[in-house]
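A quick write-up on the structure given underneath.
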Amino acid sequence: GDLQGYFDAIVAADQKVEPRDWMPEAYRKTLIRQIAQHAHSEIIGMQPEGNWISRAPSLKRKAILLAKVQDEAGHGLYLYAAAETLGISRQELVEMLIEGRQKYSSIFNYPTLTWADVGAIGWLVDGAAIVNQVPLCRCSYGPYARAMIRICKEESFHQRQGYEILHTLSHGTPAQKAMAQDAVDRWWYPSLAMFGPPDTDSTHSEQSMAWKIKRFSNDELRQRFVDMCVQQATVLDLRIPDPGLRWNAERGAHDFTQPDYDELVRVIKGNGPCNRQRIEHRRQAHDEGAWVREAAAAHAAKKAVINV
Amino acid sequence: RMTTFEKALGLGDDALIAAQRLAEWCSRAPDMEEDIALANIALDQLGAARLLLTYAGELEGRGRGEDELAFLRDDREFRNVQLVELANGDFAVTMAKLLLLSVYQRLLYESLASSSDERLAGIAGKARKESAYHVDHASLWVVRLGDGTEESRRRMRTALDAVWPYSHELFEWYPELRAPWLSVIDEVLTEAGLARPADGWAPTGGRSGVHTEALSRLLADMQVLHRAHPGVTW
Amino acid sequence: GDLQGYFDAIVAADQKVEPRDWMPEAYRKTLIRQIAQHAHSEIIGMQPEGNWISRAPSLKRKAILLAKVQDEAGHGLYLYAAAETLGISRQELVEMLIEGRQKYSSIFNYPTLTWADVGAIGWLVDGAAIVNQVPLCRCSYGPYARAMIRICKEESFHQRQGYEILHTLSHGTPAQKAMAQDAVDRWWYPSLAMFGPPDTDSTHSEQSMAWKIKRFSNDELRQRFVDMCVQQATVLDLRIPDPGLRWNAERGAHDFTQPDYDELVRVIKGNGPCNRQRIEHRRQAHDEGAWVREAAAAHAAKKAVINV
Amino acid sequence: RMTTFEKALGLGDDALIAAQRLAEWCSRAPDMEEDIALANIALDQLGAARLLLTYAGELEGRGRGEDELAFLRDDREFRNVQLVELANGDFAVTMAKLLLLSVYQRLLYESLASSSDERLAGIAGKARKESAYHVDHASLWVVRLGDGTEESRRRMRTALDAVWPYSHELFEWYPELRAPWLSVIDEVLTEAGLARPADGWAPTGGRSGVHTEALSRLLADMQVLHRAHPGVTW
């Protein structure tokens, strides 16, 4: 049809699809799923790092960490707003998260055991997020692309902060250095798994590429991330816990050991170390805030009547 | 009257402990906008605390910086008012505490902004603007909750009654601020349709290091990591 | 009447009044009030010390403290049982406590700020309790007197443990010694106030003496306590925070500064540092346990039906 | 298979952390009798922990006693199963945890009581009798709650579902105990009218020092005072 043709032309021309534009239902659904999952990840992602705000070892680090976690809430807000342009409400999305009907990034189902984990999340998890997200700044859907531009700018700031935490630890006392290495050991493979299953197993990917939602395959992005980390790990003086890691001159890239995709599937299905805890935390905050939200609505309604 | 060191330490401790409590809301607020707002206020309090404690350390002249003062004192050495160390309770308790505190801080910082101590005046000049926002935010919620549903009204009233006695301690150092403080508070409570609690019990001790049982637990958590690795860089 | 005469004779002969015996209504009421207040004090008294179980500085001290707080629950149980012999149920008593209609010892409305407070409570508060309670072992009401014999035995054990904690601290590092002195400074006058108002202001006392519920006046007991502490403080190498304290050879006792009885009245009336917190803690535990008690009752009822 | 040192350390940590959690109930139990009972069980666990950790320290031969092991290790060095560090939750969760743990401990101590290591056999011989009481107590409550009111039944079922996955870790070191353990548990659940939760997710890590986020907070509280005064006598 005409509408489909117009949509295809916009995508082909690398222009942006906007909320007012006609779009295929599958495109809309794919975007809602992806943006919601992304928004949920920001909101759930507040928990593992939030776990260390009260214990941050200096006031400066406390301030930086609190601001970072606050930024994540902000990202969640932009992204829910982007999803809302596709005709779904934030409330519906939040309920789907709490009821487990929509996913969030599996990485946040691992516990933060030490302060160094805050550094490792910044360096590795935010690093992987950036590699994933930079191409999304050119995504065909306008509101999502614009949200990503803003988010990527902040994420790279966060990544540098995490890198600095690890750098300080790895150049500190032996206990600090051991803490940093331990964190990298635990977060390395889960970070690799953030890029999703290998291309051979990846569903959704081909259509998303055609729609220019996705620009690179999971494996391409994973490789880019590994190559980036190897170089930074040297400066950090921390070891990437992969005995199979080596430069492959022929490919012009590093060979590396793949993460355990069976574990990834288990975590996605709900059986990571913290899945239950993360959802329960969110559900509890949501439930305990219900009377406050109701009060705000009741007050607003009264004011509206008075102002009529 | 207290020395500038004591003043900077006490007000710095107020801000630090308030920040610590407010930050506990992170990822737990009633909605996302409020999560961001509470983190903002916590960051403001933390920022003021850092400036005040740094200054206190300099005045003391024993080489203690903001981190030594924050992480290496026991509760008996903290000089904050008890109001800020009380458990967060529900959202109404947190807003009641924030209202009483931030109206006081705004008046206090306004007055200190014209202090002859230029350093203190500078810190206060910056903090007063932030406090004005804190007052607005707390007032908004006290009115919303007081005027909202039956439940929110009940909770807001209970919260106000519970924290009111702790407001007296705010004026031990600055008795002249109580009258203007009361007039701002009264205005907010009137708009919220809430009665001002009666004065009576007036717990005290914070300014001389006698706190509630809550503070040492708060500090155990706050200081655990810093203390586990003495003298290192973070 | 005959009954009154029989009762008077028992009391005069220093024999025990037993639950089956007739007794004046005022005697019964006085005893209920006193025993209940005593029981409530044991239960509320678990909180200030319980505050330090999780943080006890050695496993041995943790075990001793936990056992002590457990003993207090046990004392509460004996005492409620003694009160029940007077025709009132434990449930009624617990409700009167939670609703603030019956009192408990004001001493437990002070906070435990440091570990040394656990020592000071043992030494001073349990010490004062013993001075108060030893005469109660000869109280005219049998069940109360027998409960007190058992309790006093354990209390003197507790007092010695507190004394040992303080002794260890005062012979430890300067920081430990300062902690011990600070605790004694804060607990001294509240402990003196445990004996109640001065004899000139004491209500109830005269009748209680006549009934042989009480054997010594408040001021007599307070003096005995001061004299005992002065001697022990020397061994502890801790200073009793009273500049007016000195030996009075003429009286054969120490002169000392009286506690602030206005403060005592304020605390009794509900305005001590922790009154609200202590009652709220108890109320919350009681409320949160309601479903458990109901379940136990429901299960017992079902079993009873089956066994019929 | 693990060394006797590792065994003593792991079982000692199980008992210590269980004691710490149980003691949190002190002054908070549903009634006074239960307050006393929970303190009793906590004291038994603490007693076993002290013997096991003391023995572990001797086997290690680096001069660490029970207090050095309890108070000067970080959570990454603790070897307890995650089951014991989980938050207490409501009374049903606590009883579910206690049932799963104490049945295991009873079987374990019974088996260790005939160990060729006489010291371990002695400790286990004492602890098995205490465990038998813990099993009785937990069973009694699981049955009462499972058979009590609609609410208690709902809570008991939810609690059991929540903690069941953590039971798998108990058998990482002693797989042969799972069959007899299941048969005791099944008997209790049958009497309580509760279905045994399905096996599935089996969290792991405690025995190698990878814990839940709860443990470091528990230790921050438990260790704060000891760590604040290094090397002193208490």
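In order of appearance the chains are A, B, C and D, and numbering begins at 1 in each one.
Please note the rule applied: contacts are C-beta pairs under 8 Å (C-beta built on N, C-alpha and C of every residue); 3 or more make two chains touch, one makes a residue touch a chain.
What you see is a predicted model, and the numbers here were worked out from it, not measured in a lab.
For the pairs C-D and B-C, the larger set of C-beta contacts lies at C-D.
We define each chain's centre as the mean of its Cα atoms; on that basis subunit C and subunit D are separated by 34 Å. Each chain gets a centre from the mean of its Cα atoms; for subunit B and subunit D, those two points are 40 Å apart.
Mean C-alpha position of subunit A lies 34 Å from that of subunit B.
The set of subunit D residues touching two or more other chains comprises 74, 220-221, 224. Multi-chain contact residues of subunit C, defined as those touching 2 or more other chains: 55.
The touch graph of these protein chains has some other shape, matching none of line, ring, star or complete.
Contact annotation for chain pairs lists A-B, A-D, B-C, B-D, C-D, with touch applied as defined.
The residues of subunit D lying in touch with subunit C in their complex are 16, 20, 23-24, 26-36, 39-40, 42-43, 46-47, 49-50, 53, 66-67, 70-71, 90-91, 143-145, 147-149, 151-152, 155, 221-222, 224-226, 229, 232-234. By the touch rule above, subunit B contacts subunit C in their complex via residues 74-76, 162, 200-201, 203, 205, 210-213, 216, 220.
Every residue of subunit C that touches subunit D in the complex is listed here, in rising order: 43, 46-47, 50, 53-63, 66-67, 69-70, 73-74, 76-77, 80, 115, 165, 168, 172-173, 175-176, 281-282, 284-285, 288-299, 302.
Here subunit A touches subunit D in the complex through residues 51, 55, 111-114, 182, 186, 270-271, 273-274, 276-277, going by the rule given at the top. Listing the residues of subunit D that touch subunit B in their complex gives 74, 217, 220-221, 223-224, 227-228.
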